[in-house]
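Got some structures for you, see below.
One chain, chain A, links the two complexes that follow: it is found with chain B in the first and with chain C in the second.
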Partner chain A sequence: MTAPTWILQASGLNKQYGPGCPRCQQFTGPAHNNSQCPICNTVHACVDAGFTLHQGEVLGIVGESGSGKSTLLQMVNLATPADSGHIWYREPRTPDAEPVDLLQMDAYRSRHFRNDRLGIVYQRPELGLNMRFTVGGNVAEKLLLANWRHVGNIRARIRELMEQTELPPERIDDAPHTFSGGMLQRVQIAKALSSSPSLLLLDEVTSGLDLSVQARVLDLIRRIQWEQQMTMLLVSHDLGVIKQLARRTIVMKNGHIVESGLTDQILEDPQHPYTQLLVSSAL
Partner chain B sequence: MIAPLLQVNNLHKSFVLHLIDGRTIDPIQNVSFSVDSNQHFLVWGRSGIGKTSILKCIYRSYLASSGEIWFNSDQFGMIDMVQADDSMVLKLRHREIGYCSQFLKVLPRVAALDVITEPLVRQGMPEPDAHDIGREWLSQLGIAQRLWHASPVTFSGGEQQRINLGRAFIASPRLLLLDEPTASLDAGSKQIVVDMIQRAQQRGTAVLTVSHDLDTLAKLADGQLAL
Partner chain C sequence: MSTTPEQLYNFGFIDEDSKREVRRQILKAIALPGHQVPFASRDLPIARGWGTGGLQITMAIIDANDILKVIDQGDDESVNAVNLRRLLQRTTGVTTTVDTTAASIIQTRHRIPEEPMRRDQILVLQVPMVDPLRWVEPNLERATVMHGESDYGRMWVYMYESVVKAGDLRIATQYPVIVAGRYMMDTTPIPRWDVMRLHNAEALFLFGAGREKRIYAVPPYTTIEPLQFEDFRFKTEFVAGQICARCGAQDTFLTSHFVVDTTNPAGGYWRTSCSDTSFCDKRVLVNTTNQEAPQ
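Let's turn to the complex of A and B:
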């Protein structure tokens, strides 16, 4: 029997903001086009979400603003605590080891896991970077958390990462505010890759960039994915971005996963009314 | 008895158009046929009758509504493409099933040489080796050398279609699905397609073609289905 190839298996993930009431289910969800219960005002950001992520694949999560896609990503990033559910992780370096439930880890192990095995790139650079640090300082921060100590080694690693992400290494000591939007996304990518994570999380990474810059950032991500066989979870509201990078896609609406499948099938033969609307709305 | 490479049983596909009153369209109803290894099978009929939908159901770009599509995989045995999970479909696409759409769709900044060799590189072939093979293919396809490092989006319709076909044939899948491969081609280019199909068969590839160009393709077919 061949070993399973998944590295992440999430099931029953829930996140709500508010106390909830017996009538929440009756008034929220895709059928009601609403995530917020009109009785108790609880927002159901993510309801019973689950997916499997295989080693080396890019899984896209698409949906409109407020659909719960970033909440789902942040639960995987262990930054937003899930109310319930499981996120099983299988370490690709030791595939025979038992999977661990990331949501059952204590705070210390959870922090260590985040620093060491996860990398994240946000839409807004100020969420991923400390704008008061230099570019090198930002990348060094993650390396220090991953127990790098030798200054020379740290700077050499940062220069290597800057070259890899097509940033001029001589600007290692420059402040982030002197970089363009596209370059700041590259700095975030360099920082995310610094600890050689097994999973890269991308949250609307090209939104807000102009088209040519967007194309270069997407090309960079595609190259990194191919060269390093990097596993990625990609959140975007842009079907064009999803189409370029993801082989499989999840569609979310009002906190629920309404459809999942191969990306070309989602685009060419969407089943759910919302997915049909989404595809028909593409420019 | 050896099982056919592809066995389609009672295939049915309907589209529910939720944005247009939830109306249903049924382009394929109860279609059955089989394709053996090395065979060239032709599905023909007028435009809009559901030929492309059959190919897309086999490739799983469309979800079949009912029926069975059994593929005899070298690696995984008999797989029903209607029921197979997405990961299995991706594995089969990676190694055993190729698809050539009617029109080439590529990023406008990827060179023709990279476009045509992409399937080989994806299968793990080192890029320089893949490029050597790609250059041979581009020559055989009659693509001028000065165009090899340009994006095919700037090419003529015929040149684009030849690149499209070359990319489908280059990795020698066990089953190749061709959607109107001779549409928009002149007589010389059609002959190139005929040669490619024949060479693919010699290499052990079964070819399933949908087309309305019977003049060019019917004489090559080992089996036919009229819709």
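Let's turn to the complex of A and C:
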């Protein structure tokens, strides 16, 4: 049996907000329970982060608020430029092709990459959707960027995606503000899937939803992952969500990855004191 | 010898350094068709929004040997056109004309003259809103990045929404186009009738926005592609059966106006006529003298 090929390999990712000083390392990190340097006020949002993501795998990133998990996700989404490091991407459709470093792409190519190969679902729908456009218009954006120029075909594809994400297709021309929170998350998922991405990024997708809606959204993500063998990077502070979806998990605290491994292993036998605290408080 | 107040100003009103700066930006705009080039818009003796952008371009490029035509809504005699023409004429002393074929520089708002323009002519357009992305991205900084990356997806969604809401592409004016396959450009308040007349035209088109401090250009023989879908094509305005009440034209851009019946306050009627008045006058003359009709 051959090992599944990786599609994304990140290493040495750093992101700081501020100038930094020689004493930053002394005062920040999980050991000091602080990511902001008290001397120069620089926030070390992500320090030397790295991971490997295999095709068809769901990798969870868990941690408390301010731990750097969303920064890491946004660096992969090429929306936040990393200060240093590499994100190697291997195209799953052409596995023999040489991997490319996403951080070396110019703005024009990275925008095209983001549109064609990545899909993202945010916690707050207004970040992922334009509330002035209709639901159909929002889903159509990625198709139009991919040079779809036939309104009939575009609308047929939107309806197909709406059915796939359990949204009523007859509401294609309704405004997003007439949809409930759970439905808006599904609209975001439909938009993210419209370009058949290689990698789906999920940023706290179920936060702020009530339990029954959460379960429905999670079921949908699980079904899509199963049916399309979609590779996903899932950020959540909720271990329950991570447990349901992610095969492997990395735990972040104060901008550092403190532990990584199989999700079951992390939940049953956490090694790092912070992970132990996280697991004991969740279960 | 007495001196008129206008003669106390520099040739073309604005100072030579300002003209040089405008000309430099015009050259840059011509080198990057459709790209909005910032320029230091000067104060003029007319209010911003009344054609100061176009006026500064004309003032920067005009020469004593040029023949100038100024139109507004296709009309040589509208208030705006008359005042701009008078200012330019008094501060440069150039010859002015209403004949499109005789002019070397034509300053215009809203229209491209009906008669095809030649390679030795320049059309200067007064622009109210420069950026087509303003409809979908009000933040100027983000819109600039979108232009830089050819990120026009949201504008396409705007077009899609137009089809969904109105059943067709219902953008009457400021129709967005892609210039030379690269930049998206606002076609100023020219009607859709004139949009495709920019495509591969012989003349140079210069667009100036004084209030927004931007210049852009469509050089001769540049491709212009209006945003359209395979099943919803770009269309020009056309109302079957409408003809010009003066010259009988059916192949020009027509405007309508209400004719008041002075004998009956409740009376009156709507009349259509050519928007390009000098072209209409020529045709009227041809009709009355049986000369060869202008093309």
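Note that the second predicted complex is superposed on the first by the 278 of 283 C-alpha atoms of A that agree within 3 Å, B and C clash if a C-alpha of one lies under 4 Å from a C-alpha of the other, contacts with A are read in each partner's own complex, and residues count from 1 in each chain.
Following the convention adopted for this analysis, a contact is a pair of C-beta atoms (placed from the backbone, for glycine too) under 8 Å apart; a residue touches a chain by one contact, two chains touch by 3 or more.
Please read these numbers as outputs of a predicted model, since none were measured by experiment.
When both complexes are superposed on chain A, chain B and chain C sit side by side without a clash. Between the Cα centres of chain B and chain C, as seen from that of chain A, there is an angle of 160°, stated in steps of 10. Judged by the touch definition given at the top, the superposed model places A:S207 against neither chain B nor chain C. Of the two partner chains placed by the overlay, only chain C lies in contact with A:A107; chain B stays clear of it. Residue contacts after overlaying the shared chain place A:Q265 against chain B, while chain C stays out of touching range. When the two structures are aligned on the shared chain, A:K142 is found in touch with chain C, with no touch to chain B. By the touch criterion defined above, A:H54 lies against chain B but remains apart from chain C after alignment on the C-alpha atoms of chain A. By the touch criterion defined above, A:G152 lies against chain C but remains apart from chain B after alignment on the C-alpha atoms of chain A.
With chain A fitted onto itself, chain B and chain C come no nearer than 38 Å, counting C-alpha atoms only. Of all residues in chain A, those touching chain C in their complex are 107-108, 111, 115, 130, 133-134, 136-138, 140-142, 144-145, 149-152, 154, 173.
Interface residues of chain C facing chain A in the complex, by the touch rule stated above, are 145, 148-151, 153-154, 156-157, 160-161, 163-165, 229-232.
The touching residues of chain A, counted against chain B in their complex, run 5, 54, 215, 219, 244, 247-248, 261-262, 264-265, 268-269, 271-273, 276-277, 280. Against chain A, the residues of chain B that register as touching in their complex are 15-19, 56, 60-63, 86-87, 89-90, 107, 109.
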